[in-house]
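Here the chain labels run A, B, C and D in written order, and each chain numbers its own residues starting at 1.
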Amino acid sequence: MDISTLLQSILNGFSSAGIYILVALGLTLVLSIMNIVQLAHGEIYMIGAYGVYYITTSLGLNFFLALVISTLLMGGLGIVLERLCFRPLRGQFDRAAIASIGLILILQNVVLSIAGGDPRSYMSPFTGVLKILGVAISWDRLSIVLFGFGLVAALFLFIRMTKTGQAMLAISQDRDGAALQGINIDRISMAAMFLGCALAAIAGALVGAIFSVSPTMGGFALMKGIAVIILGGLGSIPGAVVGGLIIGLIDGIMPILTTTHIAGLIGFGAIIIILLFRPQGISGHE
Amino acid sequence: MLKIEGLTKHFGGLAAVSDLDVSIGPGETVGLIGPNGAGKTTVFNLVTGFLRPTKGRVVFEGKDITTKKPHYLAGKGIVRTFQATNIFPDFTVLKNIVFAHYLRPRISFWETVCHTQSSRRKEAEILQRSHKILELVGLEPVAGTTAGTLAHGYKRLLGIAIALAAEPKLLLLDEPFSGMNAEEVGTTMQLIDRLEQRGLTILLIEHNMRAAMNLCQRIVVLNFGKKIAEGSPEDIRENKEVIQAYLGAGEVIA
Amino acid sequence: MLKLKDVTVRYETAEAVRGVSIEVPEGSVISVIGANGAGKSTILKAISGLVPLYSGEIEFSGQKINRMAVNQIVDLGVVQVPEGRRLFPYMSVMANIKLGAYLRRDKRGMMADMEEVFRLFPRLKERSNQKAGSLSGGEQQMLAIGRGLMARPKLLMMDEPSLGLAPVVIDLLADTIRTINQSGITVLLVEQNASLVTRVSQKCYVIEVGRVVLEGNVQELMADDSVRRAFLG
Amino acid sequence: MNKRILIWILSYGILTVFPFLIPLFITGPYVTHILILTVMNIILASSLRLINLSGQLSLAHGGMMTIGAYTSTLLVVKLGLSSWVALLLAGLLAAVIAGLVGFPFVRLKGIYFAIVTIFLTAMVTLMAQQWRSLTSGSYGIYNIPRPDPIVIPGILNITFTSSVNCYYLVLVIMLVSLIMLYAIEHSRIGLTFRGIQQSDSLAESVGVNTAGLKVLAFSIGCFFAGITGGFYSQYIMAIAPDTFGFLFTVYILIYMTVGGSGKFIGPILGAFILTILPEVMRPLKQFQPFFFAGVLMLVIFLMPEGIVGLPGRLKTIAGRLFKEQQERA
């Protein structure tokens, strides 16, 4: 193995991590604020990618504009789902999760009947390679790393600096305590769904630009997202970042160290081992 | 019978219980009292295995049981009740008690699935014993009622009955009188009295100081997780520190 | 200012409140006392809108509030310092204090009030960057009260503020409640600690198993045997 | 009393015999296929309910079926074992794996356990895809032999070359499974499961090893999933890694939830109605997933106890209306 393959796989690992983190952040935000495991999160990711596909190909808008529009639309969809589906089921953990499974069926089949089952693709605006120290790094992968970690930084700032962000943090630590400060739980829940869905849409759109989009792409994202939040500690935002990095890097680097089929299982093995010793995940509380 | 040595439990940075020594002899009724948040329930959780201590040992009948699981300890005869009403709400009162006979007599998996002769005999025996317990606590009239629909006082009594069905040697009662009206407190006190006479060893957490003083031979007072006094009810009643911990200041209610 | 009329709250389990009527006049310190599980906390939860009423009515400044959302009730100036403090343990002391003023927009007034809170509790200022969960019990109680004051309450409800506090700290607490009251805030105090109640409040309600069994002047009630029972059993 | 027992035996007898008679009236390979699926779904949903009884929500059934299918196939194809032995071992291996995996995860409460089981299903699929030397990868295994004929020389010779006979076979498996599940539920173990569901700390305090029993419930439920997976691969004569994926598992959960997990009959009703009904409205085939999701949402939002809770719910509503009328009068 030469050094450039290693660097390339590390970069691949980071770019996978970027995607996993974006997906996991949305899941963990919704989980910690609404106390709901939103299993249709992968579908939002998928529709976000389709949004960019249709806006770029049918409307002919450029990728970035399409990304913004699709992200906002998915955020809006998140608000609608919170209002219609999750708010009536608040506090009913199992039923809300099952309802989100129903949403998977609905959303996936809506896309299937509109777009068909064949994978579609659109051009990534990030082309070519960047040469650093003789190592060729593809711009599309690099873009995901930059986007992913840029958004993580932005989210951290949002939570630290804004009132809404602080309210989110407060609700995740003590719901009734937060309500007694006058925090409107309904409104913050909507904001959390908006943010979570928007992040998922961005992740989907970035992945779609490199690979392709298909109605079933959400399942993979959901699995990775769940793996990340279990590993990182359910409901913990820093945990999602750490967990995403670990699983992303495992996925990126392991294939060159061992055979592919073992690599796929290592992530799961890591989770089992960590949960054996720390049932609450890496940075989970209590 | 039970010996607690240097028991300490930290939650985060705060010590909920620190360096507690208590020992209980067979047949004794000991009260554990103290203001809200003094760490009484934490002691229960530590003794019954629901929590692991940071430091210290719990010894029961000469054996170190510090790291044992609750179900194992129940098998050894350490059974507790819970502060929040704790019953199986969807079962009938009788079924609650039948359930609590889980450990004795042992019926194996295949016996129960196959309905053998011996399992039927054992089940009849359990049923008989359950009715006896219900009579003892005075819940026999409501044996067929769904437990979740009982009045609060009855639910609390059922909680004690469930613990009795597990055939404890050492019974830990966590605020048995809370939320009971005066009449219910009376009957429950009589019940505990009867249990004492039957030779049961009892550790009782109580907020209601008068009840604790009537029932217990010895009282341990906790405040901020530390033992601040120990002695007979008379000693405790006179103890300045206790009065202060309880009431804020001694002279208000003398 | 606050009127509870024949309020009943039903839970599936534990404590409930049955036909409780309480009146809190403006500018007063009113106490509710009773043993564990008597339903004291439920009364405050019902006022704050955290639990729904089964029957009865709650009025604040002539306005019916028993159907309002929790945040609307806080916006009216009815603020609760809940039992067990309910702080945000993984946030800093400062962040906790700021969240108390969540509904306010007057930056300057907030800053002034924060200074006021720090003047009242200098310890909090020293520890303003520490995580709330790492504070001692007494400091946590100060923070909870400070956070409650940041909302500029008209009515401040405190649920067992003496819980887990050393006698010295309780003395401080009594002074604080008096200071708060003198600054024009009406206080509804739920307590088990008799000395705190007698030192700060004028009128008191005794609750037993969800019912008001006695009400009246604190000094007179303290002489009554049934009050001692509520405390001592 | 005797009359009641007679009626009881008669009605259950008819209910048992009736499914055996269906192929006499309705024939055709497609219909038989649907009947087989219905019966399979009844086993799956009912065994999922057993896990649910101990307070756990499992989404591992698809993974367990995959394990069962590959186990039975490999034992028959590679080792030449009897298909019956292979089927039993398929169930046992699923149960053992469930036990091993369940152990570290059983401490996770509620939906967190469910999440891990989703994961388990995904991992099984991944392994089946990647372990090419054993499973021939994503391509799957074809030409799996049908179950061995049951032969008692001179008396009996049942072959399973026809689908109808496979239907009879799965029907027998279902009856045995349901009887076992019923027996377990009404035994002390079943009582213990239900106690754990209501309050696991209280159950623990009277001596129940709650963690162990939760694993046991999970393991028993997965046993039936393993058997059903094994059967299906023998019936369809093929298996691929994604035959029973996440969606398949979700459907089982939907059968149980829609039917109602509170009663034994719930999952049976749910699986029956939701497998048969979409076939009745086949012209609208493309809307089937929406139909599914729609029914699920309807139940989640309006009928918390599922179809089996409907009579009780109607009764309370009728009672309320009646009372209102009386009050008005």
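Everything that follows uses one rule, which is that contacts are C-beta pairs under 8 Å (C-beta built on N, C-alpha and C of every residue); 3 or more make two chains touch, one makes a residue touch a chain.
Model, not experiment: these values are computed from the prediction.
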- Those chains that touch chain C and also touch chain B are none
- Task: Give the chains in contact with both chain A and chain C, ordered by label.
- Result: none
- Find the chain most remote from chain C, comparing centres computed as mean CA coordinates. D
- Item | CA centroid of chain C to CA centroid of chain D, Å | 53
- Message: Centroid of chain B to centroid of chain D, CA atoms only: how many Å?
- Response: 42
- chain A and chain D, separation of their C-alpha mean positions in angstrom: 32
- chain A and chain B: spacing of chain centres that average the CA atoms, whole Å: 48
- Listing for chain D: what residues touch at least two other chains? none
- Task: Could you list which residues of chain A touch at least two other chains?
- Result: none
- Task: At least two other chains touched by the same residue of chain B: list those residues.
- Result: 89
- Query: Taking touching chains as linked, do they make an open path (line), a single closed cycle (ring), a hub with spokes (star), an all-linked set (complete), or other?
  - Reply: ring
- Contacting chain pairs - touch in the sense defined above: A-C, A-D, B-C, B-D
- Can you list the chain B residues touching chain D in their complex? 48, 50, 69-71, 74-75, 79-80, 82, 86-91, 95, 98-100, 102-103, 107, 109, 112-113, 123, 162-163, 165-166
- Where on chain C is chain B touching in the complex? 12-16, 35-38, 89, 133-134, 136-137, 160, 162-164, 166-167, 170, 192-196, 198, 208-209, 222, 228-229, 231-233
- Complex interface listing, chain A residues touching chain C: 163, 166-167, 169-170, 173-174, 176-186, 285
- Contact residues on chain A for chain D in the complex? 37, 39, 88-89, 93-95, 97-99, 101-106, 108-109, 113, 219, 223, 226-227, 230, 234, 260-261, 264-265, 268, 271-272, 275-276, 279
- Any idea which chain D residues touch chain B in the complex? 180, 183-184, 187-189, 191-192, 194-195, 198-199, 201-210
